[in-house]
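Below are two complexes that have subunit A in common, paired first with subunit B and then with subunit C.
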Partner chain A sequence: MDAILAQLLNGLDKGGAYALIALGLTLVFGTLGVVNFAHGALFMLGAFCAVTFRYLITLETVTVDPTQTTAWGTALEVRTPLAQTWFGDWGAVLIDWSVPLSILLAIPVMLVIGIVMERGLIKHFYKRPHAEQILVTFGLAIVLQEIVKAIFGPNPISQAMPTALRGAADVGALIGLAPGALTYPLWRLVYFLFSAGVIAAVFGFLRFTTFGMVVRAGMADRETVGLLGINIDRRFTIMFGLAAVVAGLAGVMYTPLLPPNYHQGMDFLVLSFVVVVVGGMGSLPGAVAAGFLLGILQSFASMNQIKSILPGIDQIIIYLTAVVILLVRPRGLFGRRGMMEN
Partner chain B sequence: MALFQLSRRDALILALFALVVVTMPVWTAPFGANYPGLMQKFAIYAIFAIGFNILFGLTGYLSFGHAAFLGVGSYTAVWSFKLLTMDALPALLLAVVISGLFALVIGFLSLRRSGIYFSILTLAFAQMSYNLAYSVLTPITNGETSLQLTLQDPRLIDLAFTTRGAGLPTASLFGVTLSGLSGFYFCAVVLLIAFFFAQKVFASPFGMMLRGIKSNQMRMSYTGFNTRPYALTAFVISGMYAGLAGALLAVTDPLAGAERMQWTASGEVVLMTILGGVGTLIGPVMGAWLIKYFENIFSSFNEGILSRFFDFIPAPLHDTVVAIASKFVGEGWQLTLGLLFVLVVVFLPGGIMEGVRRIGALFRRGNPPKAGAMRVQPAE
Partner chain C sequence: MTNSGNFSRRGVLKGGLAGILATGVSPLIFTRGAYAQEFCNAPTGDTVTIGFNMPLTGAYADEGADEQRAYELAVEHLNGGGDGGLIPFFSSKTLKGNGILGKKVVGVTGDDQTKADAARDSARRMIERDGAVMITGGSSSAVAIAVQGLCQEKGVIFMAALTHSNDTTGKDKKRYGFRHFFNAYQSGIALGPVLGDAYGKDRVAYHLTADYTWGWTQEESMKNATEALGWKTLAPVRTPVGAGDFSQYLTPVLNSGADVLILNHYGFDMVNSLTQAVQFGMKDKQANGKQFEIVVPLVSDLMAKGAGDAMKGIYGTSNWDWQLPDDASKAFTKSFGAKFGQPPSQAAHTSYVQALLYADACERAGTFYPPEVIKSLEGFEFDGMGNGPTSYRATDHQCFKEVYVVKGKEAPANPFDLLEVVATASKESVTYDPAIFGGELGPDTAVAC
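On to the complex of A and B.
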């Protein structure tokens, strides 16, 4: 029982990342009808927002202190981060919390990147065949990836999580198990709650605001909404920006779990496409459900008890689930009829 | 014999193509690409792309898992080297048969869906093969270390006639060693046969049927055709082409690794085909050559080469130009490739072949072809 619960929890954070990326992909597909292969690159760019933010707030001034000497007898160099000289102790706290704080940088940056991408390139591809959309966004993803590689180098850059959120939470005690029976890394819990929060925010935005209502109407019947005198294109552009923000935030918060490197976007992209299709193209709840489902299944499949019965299952579980679901339910879990079938 | 007849136009194209392929060592020299290893890759990936185009270009089914068949072909060929003989023909034959069977199974399941669902199904099967090749199937695939020849291989047929020599043997064809230029010419001959077969498919009623599936599958079934067997045949044929290409990779270098089956390899052949021109015969070949050229030559450029190349620019500008250009070659070659994709798709949606057609149209003013009439619309 404990083991099952533990695996369930383990699946949640990865599932959260899948769900967030798939949600953004589905938003773009549902609004603009564009298959965006550069979406993984947006996840990666988000992660590098965190790297940049940390770099900026840890910029240091180096002063030579002649009164102190090092072990070698030379004058000691005192390095003070600028943030500390400006904000005092607050500066140290800022640096400690740099990953969650990078969200503040990531939101505007990703929004701008998303809107520029859509206006600059994607908008010319609404009416083009999906194969061409795939090719152009794939090319764009390579370009973004290479730019990041040129700036930040090819090696992963690890990001520390805040000290307060290191360690493990005793989840078992909360639900009445013996203390220490079921512990779970705190940051993963944070990631899950964070992704649940972002998902809730996106759904709330679409459900309860006028803007969201118009967007939903446009997803259902773009032409009619346009005929009513609403500039639906502009709203869809903003939705693209929003999808970029969602992917970026998923990337920011994932940095302590996986040190960001320039090609991580591609690694997540393939999986998220599987997630989107399993959930049903164009269905937002489907994307979220499939994200968590596949994340949890993956963590179950990596249990030793299961691996001993079905060797190698942990390697293929996601794809196997995708194959089974697509063969049994032709449009994925929540897919609509006629979506992307021809 | 009707089986080997081509229309006059196709025969001319085949003759020209043969000329281009056979003289490859000559015309690649100015580009610095005339070493056998790269020309072998040119020929092999051209076969891969031609085969992929039979499926994608004719039926419009976009497979994202063709690298799996390439990998299966490679593994089969290496096993044939290990167990039977170093002769290339049995290896090719076995690889084609096994990858064809593999394609039959995957195609049978995947073709039950169309559109992006088909793409994801093929992707899922290919990724499963890749992941399994790395983990559970290690006894067959040798996992991360790649399947390779060893000194203890049984090689039943060879050793029945000759004694075991010192060192590892190389692949041969009726006793002629296939390495370097001879290896290239072997691949070139196979490429020409593959090209001829593709021409026959394109011109046949079967090819028409496949085009019908692409343009309107529903109408085809209303006319009374069961389209799935045709699509499945196309899938199996293109899987066999991929297996053939994989076997040739093993012939030129008897080593088979799982990374050949990764989705990036499947993506590469899609890009080759679209870059060259979907649905055309020559297009995929051009796409394959261009991408392989970038991958091998552009990545090896460095500042020294650039500096000599830009010698004609006056000194003050020279260093700046070299500094800027160096970002696009060597380590950064993929940046150029990415930009190339974007530019081609934005300005030449039909790929390189559309560019060729447009240039051709400039010279034929009197008889302007209808705009977009020849443009190949890949179905999704």
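On to the complex of A and C.
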């Protein structure tokens, strides 16, 4: 029982990441009708916002300590972050909490990147076939990842989580199990709660604001909304920016779990497309449900009891599920009639 | 007419010369010069090209970057630059700082991407396009075995760098492949007694294993070594290389009944799996009434740096450590540190040593002709390279020397002081019968390319 609960928690935090990326992907597809293969790159760019933020606040002064020498005979260099020099203990706190704080950098940066991407490139492909949209956005993803590789290098750059959120929480004790029976890393719980919060915020924004109402109307019937004198294109551009922000935030908060590298986006892209297809093209609740469903299935497939019966199932479960769902429900779990069927 | 009229002077000379060559009793002077036409990439000008093939991207890229630094230093020292590094300490005194056999050493580099197929392509390019007479480098046994196979086909010597699978000099050994680095079997022999002393004889181990040749052989070697102590082993779990997030494999460990987690991972994979295991609270956990422990059988400074605090107190083994007290290790650390501002890793050390060993073997053979160089490496006994007296066993091309058990330092004195050597396994204790791993070296026939 404890083992099943632990795998469930693991599935929820994995599923959180899948759902956030798939949500952004679906937002773009639902509003603009564009299949955006550069969406994974947006997740990666978000992660590198956290790297950049940490780099900026840990710019350091180097002093030489003549009392200590290295094994190769030079004086030992002592490095002190400028933030610590200027703000003392507050500087140290700032550095410690750099990952959550980098959200403040990521939101405007990702919004701008999203809007520039849409206005600069993707709008020229609205009326082109999906195959061309896929090619151009895939090319864009490669360009973006090569830019990041040129600036940050090819290797992962690890990001520390705040000291207070390191270690594991005794989840078992909270739900009445014996102490220590079910522990789970604190940051992974934070990630799950964070992704749930962002998903709720996106749905709330679309459901309860006038802007969201217009966007939903546009998604249902773009032409009629346009005839009513509403500049739906401008709103859709902002939605593209919003989708970029959602992917970016998913990337920022993921950095302590997995040190970001330039091709991280591609690793997630394939998975999130499967999530979108399983959930149903263009369906926001479908993307979220499928994200969590596949995360949980992947996690359970890694259990030794399952792997002893079906070796290697953990590697293929996501794709196997996609095959089964598409055979049984060709439009995906929450797919709408007519979506990508013309 | 007499029969003598049938034998002209020219005919006798021709026939005699042909007879001498056919019976193989020609003087050496005739055949030594002929090597140049008989083997792949025989150096013809005043330079000799060596191919440095290492992972600059992928899961083991940190090791590859350090290997690249080491080769840069080795080329500098072989050509007479810098302080000479290990050359003055090397027991064989053939290297004079004038290149190899009087030819200046030049290197070509390639990124093997930590992938066997990419590594073969890169090595092939170096052999076919760049004219490399020897290939060295790499930080994965899958890569080493793939490149070694190619080099055997091409008749080009391969001086493997970081490869720890028993198979490299076991079932997949090749006449043209040589390994200075130690192997998983030797890690097990060295680490077993230390784990027994530290954690007792009654333990249950859970293995997470990189799913390729190195992981499998290390898992097997660690299983044998720990079961000999009395430990039990749960069914091992294989993980893909470069998995990144290992959480789905770590979660089942918590309730498995194990009290030791053995991570058969390397490079970034190990950094990720270890830090994630610590995030899961495994360093603070109690299981079976004992403190839960994590073991990383193969560890390096680069990984310790990547894992940070998570590495503290964790046991593993190393081929070499920059803090070893012997003069040669100190000299190499000084030479490397002065040039690159950081101490060399074990990957850098083994790469550098392999480059020097090849150069020395050519000097002792008096030729680049691979079959002769192979003969001079086989059974070669040497010292002064930082691992004490070492021998290149002729039967499997595996080096035998001391193996070091290391532990993540609890209170580092400086940013580079990450591991401490806590025990040394003697050369004799880690020597084994080559028959246990099987394999055939194959022929040493030179191949023209």
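Just so we're on the same page, the second predicted complex is superposed on the first by the 325 of 342 C-alpha atoms of A that agree within 3 Å, B and C clash if a C-alpha of one lies under 4 Å from a C-alpha of the other, contacts with A are read in each partner's own complex, and residues count from 1 in each chain.
Operating definition for what follows: contacts are C-beta pairs under 8 Å (C-beta built on N, C-alpha and C of every residue); 3 or more make two chains touch, one makes a residue touch a chain.
Keep in mind that what you see is a predicted model, and the values were worked out from it rather than measured.
When both complexes are superposed on subunit A, subunit B and subunit C fit side by side without a clash.
Contacts of A:142 after superposition on the shared chain: subunit B is touched, whereas subunit C is not. With both structures placed on the common chain, the touch criterion links A:88 to neither subunit B nor subunit C. In the superposition on chain A, A:3 makes contact with subunit C only, while subunit B stays out of contact range. Once the two complexes are overlaid on the shared chain, A:226 sits clear of subunit B and of subunit C alike. By the touch criterion defined above, A:120 lies against neither subunit B nor subunit C after alignment on the C-alpha atoms of chain A. Contacts of A:299 after superposition on the shared chain: subunit C is touched, whereas subunit B is not. Vertex at subunit A: the C-alpha centres of subunit B and subunit C lie 60° apart in angle, rounded to steps of 10. In the superposed pair of complexes, A:315 makes contact with subunit B and with subunit C alike. Using the contact criterion defined above for the overlaid structures, shared-chain residue A:281 touches subunit B, although it does not reach subunit C. Aligning both complexes on chain A leaves subunit B and subunit C separated at their closest CA atoms by 6 Å.
Put simply, subunit A uses residues 315 to touch subunit B in one complex and subunit C in the other.
Interface residues of subunit C, counted against subunit A in their complex, comprise 56-57, 61-62, 65, 235, 237, 240, 244-245, 247-249, 251-252, 254-256, 268, 271-272, 275-276, 279-281, 284-286, 306, 308, 322-323, 330, 333-338, 343, 414, 416.
Here subunit B touches subunit A in the complex through residues 62, 109, 112-117, 120-121, 123-125, 127-128, 131-132, 134-137, 217, 263-264, 267, 270-271, 274-275, 278, 327, 331-332, 334-335, 337-342, 344-346, 349, 377-380, going by the rule given at the top. Against subunit C, in their complex, subunit A makes its touches with residues 2-3, 6-7, 9-10, 13-14, 68, 70-74, 76, 154-156, 158, 160, 166-168, 180-188, 257-259, 267, 298-299, 302-304, 307-308, 314-315.
Residues 35, 121, 124, 128-132, 134-136, 138-143, 145-147, 149-150, 266, 270, 273-274, 277, 281, 311-312, 315-316, 319-320, 322-323, 326-327, 330-332, 340-342 of subunit A are the ones that touch subunit B when the two sit in their complex.
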